[in-house]
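For reference, chains read A, B and C in written order, and residue numbers begin at 1 within each chain.
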Amino acid sequence: MARKDLLDIVSLERGEIDRLLDQAAPFKELFTRSVKKVPALKGKSVLMLFYEASTRTHSSFEVAAKRLSADVVNFDVAHSSITKGESVRETIETLQAMRTDFIIVRHRNSGLPGVIAKLTKASVVNAGDGAHAHPTQALLDAFTIKEKFPEPAGRKVLIVGDILHSRVARSTSTVLKKLGVEVAYLGPGTLVPRVGPEQTRRFTNYDEAMAWGPDFVYLLRVQMERQDVQYFPSVREYHRLYGVTETRLQQIRDRGLYIMHPGPVNRGVELCDAVMDYERSLINDQVENGIAVRMSVLYYLKPESGEA
Amino acid sequence: MARKDLLDIVSLERGEIDRLLDQAAPFKELFTRSVKKVPALKGKSVLMLFYEASTRTHSSFEVAAKRLSADVVNFDVAHSSITKGESVRETIETLQAMRTDFIIVRHRNSGLPGVIAKLTKASVVNAGDGAHAHPTQALLDAFTIKEKFPEPAGRKVLIVGDILHSRVARSTSTVLKKLGVEVAYLGPGTLVPRVGPEQTRRFTNYDEAMAWGPDFVYLLRVQMERQDVQYFPSVREYHRLYGVTETRLQQIRDRGLYIMHPGPVNRGVELCDAVMDYERSLINDQVENGIAVRMSVLYYLKPESGEA
Amino acid sequence: MARKDLLDIVSLERGEIDRLLDQAAPFKELFTRSVKKVPALKGKSVLMLFYEASTRTHSSFEVAAKRLSADVVNFDVAHSSITKGESVRETIETLQAMRTDFIIVRHRNSGLPGVIAKLTKASVVNAGDGAHAHPTQALLDAFTIKEKFPEPAGRKVLIVGDILHSRVARSTSTVLKKLGVEVAYLGPGTLVPRVGPEQTRRFTNYDEAMAWGPDFVYLLRVQMERQDVQYFPSVREYHRLYGVTETRLQQIRDRGLYIMHPGPVNRGVELCDAVMDYERSLINDQVENGIAVRMSVLYYLKPESGEA
């Protein structure tokens, strides 16, 4: 079974998820060596098409591609005629004509990576599209959870924040459910879908959510520069209602729970400074695992861009 | 015969043009393979010096260099002291001291690449300088035309738009004439030089130009953000007078003519949406051929930057 | 003796300085060859973390890393959440989690590279931090001086300009003193520390400084865009009092002195146009030597980021 693109989590079968995660482990093992590189994609090219700036995700994919010995070309859309009104379709045709093997795309419009995938022979990896999906984030989250519980079925993950607008919430909860993990949402009523995907449990009160007994507390990033702000009375208020305050951190520590966050963190909003030193924070593991999982994804996909 | 630089088309002899184009074919053939890379320039370095932003041309050269296994370094002049008033000569001396093998330069001033070429041992490729020249665009256009007519002498190409300020018009018509192709210009009277190079035929009326019987209709990009706007009553008017409207597309289709454009296209200005699906549009071929031709150019030039 | 980081000159022992400089010579020799590359750091990754833009220093490190066959990843902090208020510590933890082998950092805050070095296993190279240090500049200056005088002890270097705020002045004078070179400062009284490091001789009058008998006149860059402007009556006045005017250039030529400058030059400020043609200007040598010295530094440092 060969897959050309990775656009979302929904369309992945359980067997594929297992394989993508299993295969990431030896790549991560590589990072403890002096030479962290393998020749797997030598001669292949990876084009970075980031309409939304994201230093971390961009660097993570770039490091992943280079550790597989691929060539990386940055298509600098910020300074492109694309933003001067060129149609997306023409851009895609240009990319197709350049015949790169992989296109990593991030865009604020849901579904754009899928449109690109249909029109090109390159393997397209969705690096985040609007509120739709962020599949490599979901896979790295699943990988991080499996490092703690190799058999994760039955474990509980509480996702906290603006669920409604979050592609991370959507993709991560989808992959976790496919692995048998229980997922619940905590956030302001307006930002937690009442009928979530597959009847996800929802909480609007922090203490009730904790009473549910999660193993992981997964904090979404508050998009300070985007729409989120208008939904909260204030950042202080958000921290008081849904953030990991020092008091809550003590409770989390007492129960031995893990903390996760997709980064970058707004300190004093999603979590207090002390979380940075919390021994069961997995935030940095997520960064490292992100590179390994993205290597696994690039290694797994099969472009149609050339004969074997 | 060894050539250090590619600065314009005028100074290329017919034999060199033939060789550059012939040599591009096997590079293009490479793009159908799984590994699209050859070790020809392994160990060589290519410095990108783009004073004018151009995502497509920049990416095309970058992909070409990497497919030849060269290392690419971007000299980020947009954030450089160069733009803070550093003299060009000092910049060039710095580049020479860095001892890269190739310098790809784009600048709004005609002749700057030639100045750099004189002062450095690196091979300099002009990637567009003011209204002067854009030789790799010309070569990829010629290559694209030869793919349709391997013996192009006697074929007719109609170039449409602002001829006066266009380095593409200048370089492309020069290379085509060297290959024996007939070239004519169509555009507003003020924008078509009355005494063009080598008495190029000129039209100001679309129907008269079509009556001339071209094989190719080559649409120049309207530089919306630059000077062009002031010369036209409006973008609508430009489209009405010189653009490929749906009616004209039908006529072009009936006659079996090819459409070309250097990209990026302003849809609704130079051409209507329907051209994107026109089976004899060569716009995407031009993109792909651009990489092959630039590989051929880099492979052909001989830097003085090190002993063989 | 293995060193993980290069943060300043002060902490380098004489033996290390000698080794770093000696080792740069064969790297420079490489630049005269057709293939200017060695496989020394194949499989290693170098992350560029430039909070302050600097085209030249950035390119110099990038070329150096690529000539050692390392992979280079640019962590684009200009467009990063870092500048949106992310704490430096979180950024550093992210970088550590990415497990690159080298981090090249430039920041306006003195001491930041040292903080990063403590928190990561990567080798950190300070590419300039505030008014603190710029050790690779110092080493390339020392290398350039040793090319002229292999036994530099007893030679005299006059550093001219805003000594007080200059990390170049600080690092370069430190390395030179370790090599036994005599250093003196010339500049406006307010910008030359009265009790300099190790009682450096200070002048405020050009003619008195020249009477001291320097072998090298080292002109610091006037930071037009930064604080320097306010300390001078005007740029003209600076040139008149401390710049290499045509009259002074004649005097320098008559005495056979060398001129140095870290670049980029403000012509008409630190020096007149004619200096560009002065046969004993070492400004371009400094650029070329910068790459060789940075190769030597990267080759010398030992990251803790993986087993050997």
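Worth a mention:
Throughout what follows, a residue touches a chain if its C-beta (ideal position, glycine included) is under 8 Å from a C-beta of that chain, and two chains touch if they have at least 3 such contacts.
Treat the numbers as computed from the prediction; the structure is a model and nothing was measured.
In the Cα superposition of chain B onto chain C, the rotation angle, rounded to steps of 5, is 120 degrees.
Different-residue interface: chain A and chain C share under half of the residue numbers found at their contact. Averaging C-alpha coordinates per chain places the centre of chain A 40 Å away from that of chain C.
Those residues of chain B in touch with two or more other chains do not exist in this structure.
Contact residues on chain B toward chain C in their complex (touch as defined above): 42-45, 47, 71, 73-77, 79-82, 84-87, 89-90, 93-94, 96-101, 306-308. Those residues of chain A that touch chain C in the shared complex are 31-37, 53, 55-56, 58-60, 62-63, 66-67, 78, 224-225, 263-267, 276, 283-288, 291.
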